[in-house]
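Next up: the structures, one after another.
Okay, so chain A shows up in both of these, paired with chain B first and chain C after.
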Partner chain A sequence: MPNQSGSVYGLTILSPILDDPHAKVSHDLQIRMYLGGLKDERSPFAKVSSTHMARLAVLNDVVYVGMPACEEHLRSQYLVFESNFDGSLDEYLEKMAVEIPEDVDAVWGHCVGYPGTKSIGAFQAYMKKCQITTTFYFADVNDKTVNQTLRALQTQEAVGVFIENNQGKPAEELRQAFAAFLEALRAAPGPIPGSGLNSLGRLAAGMEGITRHE
Partner chain B sequence: MSKLNETDIQGFVLRGYNLPVARYLFLEVVPHENVRLFIDKLLPTITTGEQWDNGRKPDSTVNIAFTHKGLKLMRLPEESLLSFPVEFLEGMKARGPILCDTGRNGPENWEEIWREERVHIWVAVNASTEEELESCCARIQQRIDATGGSRVIGEQDAAALKIDGQITPKEHFGYTDGFGNPDYRGFERDSQPGQGKLMPDGTWAQLATGELLLGYADEAGELPVAPVPHLLANNGTFMVYRKLHQNVATFRRYLEEKARLYPGGKEHLASKFVGRWRDGTPAELSPDQMDPSVVKDKSRNVNFTFGKDPKGTSCPIGAHLRRVNPRDAFGFNGQLINRRRVTRRGLPYGPYAPEDQPVRDDEQRGIAFMALNASLARQFEFIQQQWIEYGNDSHQGNDKEVLLGNHGDLEGRSKFMIQGTEDPKNPPFLCGGLPNFVELRGGDYFFVPSMTALKMMSTGTVDPR
Partner chain C sequence: MTNINKKTYAMNVITPMKPWKTWLLRAIFFALGHIKSLQAYLINLSFIHFARWVIIRRDAFPYLGGSQEREQIKYDYLLFFSNFNGTWDQYIDAFSAVLANGLNKIWRWSEKYPGALPVTPFKQYIGRVQFETDHYYSAYPHATTNDVKGAHRVQAALDAFANESAGMGPDEFARAYVRFLVKVQIDLGTTGAAPVGT
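Our next item is the complex of A and B:
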């Protein structure tokens, strides 16, 4: 199924944007302004924790590049929404409606026929009606869930620090140190999806106690 | 393609001169008509790519290049000035955030002439002896004085390191340098297997001329972005000049310290950093010991690939030469890297310090590094940003390249992973807490015009229409 790559779902939605000749500010511009205002904040999709990557864009029209191409136009402007996430589509759409209803309404409220997020069933039906088949995925998608990926990064960084602190030690000392490290790693809370990277480009959360440099 | 007109191309572009001493003169243009006269007077002395058969190799060579500011002060037409690629127009300092030239590598730590972007013209003199160098530089100075319009605001001496009275291809960390520049179509020089691009049958072929020279098709069959008119661009290229300071004391201390834990010993560890033993033996061909017979053998010393060493147990995945010239390491028979090659020039500066002689980081030692390419953005900048300062393509995550990476920005958390085997002398090993072994002291982007273009510039006849 093209929308599914292993455990990861690839969602592509094209929602036609309202064309209102009486609008003081056209609806496509209102979407752009809203999305532009998000740039310095955490993405709303961080709250929809099964998201690997999500992207919103306004598609004005197809670009005419001049002769010998023929001039064509779309029948509408579209809001393009792409997301790669874990789990089923229904669950994901429900999470969007429950976790980030204000953001979803603020964006899709400018689209034709949008029913809002109050009725989850109506929201799911609308989004599915706008769905088109996904065939290409975000290149990093590797059939691991967001949590598995973050946990692997956490482990990788922690193991690096462990090796640095312990390589060259006698076998027995190394074995004991590794047992203690493994216990600390297992007990450590997993990184929080969407919590981002710290100033060093490393996972910001979940590293305390297991990556202490000696 | 037909043979290139070597007499129209600056010799520095076509070949490494293999002359042991050099001086790079940095000129500031005084806004004045006479700078054109200086170029005109210098023109007959400029070394072209003309062949040097039968002992005709000169005792000294002269070459010239311009920053965008320099071209503006040469009063090139605005239409030509604006037609250059944006990265050249901006200059290297403005590209700092892309290149990771920040923190200890940032402009605040550069030499004043680069920090203030005062260098407009680069004049390079290479020579066979110190005397020839001095005499050639004196002749250039006379032309500068006689014509006016520019003045020397800085100079950089560089020379092949002399060890026990012998001129060597060594650099200050002790590695043998200067192997294998790419080979391009139309160039008449001896080519070695391992240069150029890898073909599906495992042989090596010349890269498209347009990867180095403007006005020719590149590996995508496209013409590189180049200024108008065509005559200004044709047979020219772009150069990045970077003064790379080497913290020799830090390097030696770090290597000693880590080698105490590394069962293969110090020289083996040093070979893991670069992917070559310090005598030049490629680790991929001889992972366990130096092999002088390989170093001397031109059919072998750059003739290797990484496809049979996917785990990096012979040459680490993050080793210097594997990161900056990955050959087939990314699959697809190496085709992903054919548009990311640069031609390197340059020489060390500062006196050679034997291993047993105490050294300090603040002593003047380093490399006057130059790279030539048709597109600074696609070639040099890509390598610097994606392969040196970021490790994703080589599956190294955020790990920077071990020797050149700007590790200071990671506050001691930068690391280099050495893959290993079950052989007790070749175990997996992690080098953590990497310091900056190399630091940037300045530089800029230059346009290296053809002889035709220089003549047009000197006579004020560049016509973009």
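Our next item is the complex of A and C:
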């Protein structure tokens, strides 16, 4: 299936943007202004936890590449939504409607025929109507969920810290320290999507005993 | 800049194609999708998290009725979206140096495509047909593709070592621990902000 690579789904949506000559601020600009106010660290997509990566872009028109090509223009502007996520399309769209309805409505509310998120079925049908089938999709890691990847990144950092802190310890002491480390790692809260993982402070908060020694 | 989120760059490109050429390109993508060895270069480059090409037929732009007018265009369009690590220049340079033949097979059907080599006109072309991202999200923005792959290897090695070392005596554990270190050392490290300037 061209939209999928392993367990990852590649969604491509083009939603026509409303064209209202009487609008005080054009709809494409209103979308851009709203999106411009979202910070990457607090992206609404962090709440749709199966999202690996996603983007929104306004496509104002197609590009004229010069002679001898013909110059032509689109009659609509389009909101482009590109997302890479785990699971099925229906589940993902339902999560968007349930977890981030205000943001979805604020953005897609400027698009033609948008039904809102109150009816999940109507929202799913609308998004599918705007979906373009991916022709070729590549995912470098296509057999791990977002949560598995975040956990693995957390583990990678924690293992490095553990090794550094326990160099040269006697065998029995090392064995006990490793057992405590495993317990702390398993009990640690899961990383927050989109927040970055590099802070040892975060590790320290949930993983007593494996903070880096100064 | 919204095209960039920490270590990942979002590229969007749209190019026009004569409709009869899109069938040839579809055949190439079909082969690329079904012959895994053809994807080796993409995998070996190892700085692309996700990428896709999408062909939109001239009569297949979404039409929702109401106040929307139907598109009346002559070209089909090829969209390209990529999520990669590094700068725009590094990405295009690497594509041009390593994947020139592969890229030419894909983009040669687009109008005015100059070829992936030499790199200067290729960059000018991509710069011309690129459009900007308005919001970009990554669940793991500090991690490169290699970080992700390395982290999964460390996780697998740790899980295996935890199972295998349960019940071992101290000396046996210490020897197994050294073997574990040798196995994971190449994949250790911390993720973090990209260097200034990237």
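Worth a mention:
The definition used in the following text is that the second predicted complex is superposed on the first by the 183 of 214 C-alpha atoms of A that agree within 3 Å, B and C clash if a C-alpha of one lies under 4 Å from a C-alpha of the other, contacts with A are read in each partner's own complex, and residues count from 1 in each chain.
The rule we apply is simple: a residue touches a chain if its C-beta (ideal position, glycine included) is under 8 Å from a C-beta of that chain, and two chains touch if they have at least 3 such contacts.
Since this is a predicted model, take the numbers as computed values, not measurements.
Once chain A of one complex is fitted onto chain A of the other, the partner contacts of A:89 are absent, as it touches neither chain B nor chain C. For chain A, the partner touching the most residues, choosing from chain B and chain C, is C. Residue contacts after overlaying the shared chain place A:120 against neither chain B nor chain C. By the touch criterion defined above, A:184 lies against neither chain B nor chain C after alignment on the C-alpha atoms of chain A.
Legend: residue contacts after superposition of the two complexes on their common chain; A:168 is shown touching chain B, with no touch to chain C.
In the superposition on chain A, A:106 makes contact with neither chain B nor chain C. Of the two partner chains placed by the overlay, only chain C lies in contact with A:78; chain B stays clear of it. When the two complexes are superposed on chain A, the residues of chain A that touch both chain B and chain C are 156, 160, 163. By the touch criterion stated above, chain B contacts chain A in their complex at residues 261, 397-398, 410-413, 415, 417, 429-430, 432-433. Those residues of chain A that touch chain B in the shared complex are 156, 160-161, 163-164, 167-168, 200-202, 213. For chain A in complex with chain C, the residues that touch the partner chain are 2, 8, 10, 12, 14-16, 18-20, 31-32, 35-36, 38, 40, 43, 45-46, 49, 51-60, 62-63, 65-66, 69-70, 72, 74-76, 78, 80, 82, 84, 111-113, 129-141, 144, 146, 148-153, 155-157, 159-160, 163, 170-172, 174-175, 178, 182, 193-194, 196-198. Those residues of chain C whose C-beta lies close enough to touch chain A in the complex are 2, 5-6, 8, 10, 12, 14-16, 25-26, 29, 32-33, 39, 42-43, 46, 48-56, 60-75, 77, 79, 81, 83, 110-112, 125, 128-129, 131-143, 145, 147-152, 154-155, 158, 162, 165, 168, 170-171, 173-174, 177, 181, 184, 187-193.
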